[in-house]
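To start, the structure itself, in structure tokens.
A, B, C and D label the chains in the order they appear, each numbered from 1.
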Amino acid sequence: MTNTHLAPPWQVSRWFNSAPLTLADLRGQVVVAHAFQMLCPGCAMQALPQMQRVRQLFPEQRVAVIGLHTVFEHHQAQGPLALEAFLHEYRYNFPVGVDQHVDGDPLPLTMRAYAMQGTPTLMLIDAKGRLREQHFGVLDDITLGAMLGGLLREMDEAELHGVTD
Amino acid sequence: MTNTHLAPPWQVSRWFNSAPLTLADLRGQVVVAHAFQMLCPGCAMQALPQMQRVRQLFPEQRVAVIGLHTVFEHHQAQGPLALEAFLHEYRYNFPVGVDQHVDGDPLPLTMRAYAMQGTPTLMLIDAKGRLREQHFGVLDDITLGAMLGGLLREMDEAELHGVTD
Amino acid sequence: MTNTHLAPPWQVSRWFNSAPLTLADLRGQVVVAHAFQMLCPGCAMQALPQMQRVRQLFPEQRVAVIGLHTVFEHHQAQGPLALEAFLHEYRYNFPVGVDQHVDGDPLPLTMRAYAMQGTPTLMLIDAKGRLREQHFGVLDDITLGAMLGGLLREMDEAELHGVTD
Amino acid sequence: MTNTHLAPPWQVSRWFNSAPLTLADLRGQVVVAHAFQMLCPGCAMQALPQMQRVRQLFPEQRVAVIGLHTVFEHHQAQGPLALEAFLHEYRYNFPVGVDQHVDGDPLPLTMRAYAMQGTPTLMLIDAKGRLREQHFGVLDDITLGAMLGGLLREMDEAELHGVTD
């Protein structure tokens, strides 16, 4: 019944605020991630502040908050040096990966692998590494909270009852 | 581990937007309730708009949203006629019960039974009728959503696996 | 060019937060007033908080902030006792007059004299007592500020240059 | 009584959304300007949206809204190409000048001339070209509106009465 596909691995060329990490490293946590571009208004004004709220409300060992910088336009203006300044100025200290580009393709690899339509795109990954929600845009806080609460409860149930899929 | 106490029954002298109902009638749904007073600023400006958001985001058969008018001050100004005008003007159409008074006690019966400190007070009741959260004040939307999502998941788990307490 | 009509006098049956006052008493100040009903959502959620902001931002000797309780519906629920509780709970301490009713007319006298369409209705009265703006609804803060700043400047000009109309 | 100093000229290396302009070109209009950096959160989240509101509320022939990009940190990340992308993405179409740098000085020339403490910095310039307000940070909308309304009234008074300084 549940989507049993693992979230595709992220192809990241560089990490900020973290040593290199993989989604596999985050098994056992619920992952809240946003694909964003630093100069996309919906990302800067809504999606990233929402991620910061999530970061402040849940313990790190239960909920991982990570960003993926999926630059598909204004490539020169949104390079790693600019991203570093952006993260510094906004005091965002959760891990942010830079989605990797290959020559000649304006869209980065992970953005293609997830068939994203644009930014911001929310991804919710459960404690077993499965992509449970992918949403183009920003969800309201109650809906995001409810999804997150459901995945946390499911994680705790699995531990209590030893349920396996 | 979980609080296994049933939520105390509500003592209601009159219902608005609903035929008389009891918490027992709501088994099988997660209940989001706020005890409020219509002239309490935190109730009118924050708690009730949040309940309205919950009402709009979840299906009625899964989440019940109800209000309890727990008048403990300004009794004359907050009588049933005033409450009816208030609910009409704000277009709140979820069920609202009037917490019952007995002679000589400024605090109504249900407010006493729950030992509430004031208004607004949030109550979350699970599908089995247990009081799982009681909070004086207003929770942020993400936290409320997460609690709600956890209780919904638990309700669904119980149905799937036949878990009983 | 400017409207030279004096603002019609207010017919007030009772004052809260003030000894009885008249518009004539307020000559020499710019007057920001809202006609409101305590159970009108646009009044409680927007107009009155905006008046409170004005109160906090300008000195009392230059800007008078006053409310007019123009009850035209839910008369029983919005009587003086209810209004007193409302003003107390919301900590509004600017003067509020109760617009006077005459037998058999649901609309109070001042509301009729100003031909108001409903609540909230903003009134701006200049330092010479002229009604310079009447607006059904709530203006955004910048626009209200600009009108107010214009009337204040005009008041100061008149003092400096002795301009008379 | 009034500050009679003309606002120092801006030293601009490049204009966006406009042919090159000078403050002298804007005589006869009230000028609302913000010195900003595109990666400064208070600028992007508060000051620039406020300027956009001003732009939408007042006619262009009476109120000029202009931005000054005063980069004093993260120079590489906030170059003209990045600024162009930023203005495009946020749909800001009022004129924005790039404050000019000279070799070896991280602070640009206009920022130095105005002795600004940081970004955002609001500047209000009257119709005669005098700097009437300089404020580090963002003013609330009512206060900004009142200053603007005062300067507009003063401009109109000068035209009506032929007052000269």
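Here is the rule we go by: a residue touches a chain if its C-beta (ideal position, glycine included) is under 8 Å from a C-beta of that chain, and two chains touch if they have at least 3 such contacts.
What you are looking at is a predicted structure, and each value in this text was computed from that prediction instead of being measured.
*Asks:* Which contact partners do chain A and chain C have in common?
*Replies:* Both-contact set = B, D.
*Asks:* With chain centres taken as the means of their Cα atoms, state the distance from chain B to chain C in Å.
*Replies:* From the centre of chain B to the centre of chain C is 37 Å.
*Asks:* Can you list the chain C residues in contact with two or more other chains?
*Replies:* Touching at least two other chains: none.
*Asks:* If you go through all the chains, which pairs of them touch?
*Replies:* A-B, A-D, B-C, C-D
*Asks:* Which bits of chain B are touching chain C when the two form their complex?
*Replies:* Touch list, chain B to chain C: 39-41, 44-45, 73-74, 76-78, 81-82, 84-86, 89-90.
*Asks:* Could you list, by residue number, the parts of chain A that touch chain B in their complex?
*Replies:* Spelled out, the residues of chain A in touch with chain B are 53-54, 57-58, 140-154, 157, 161, 163.
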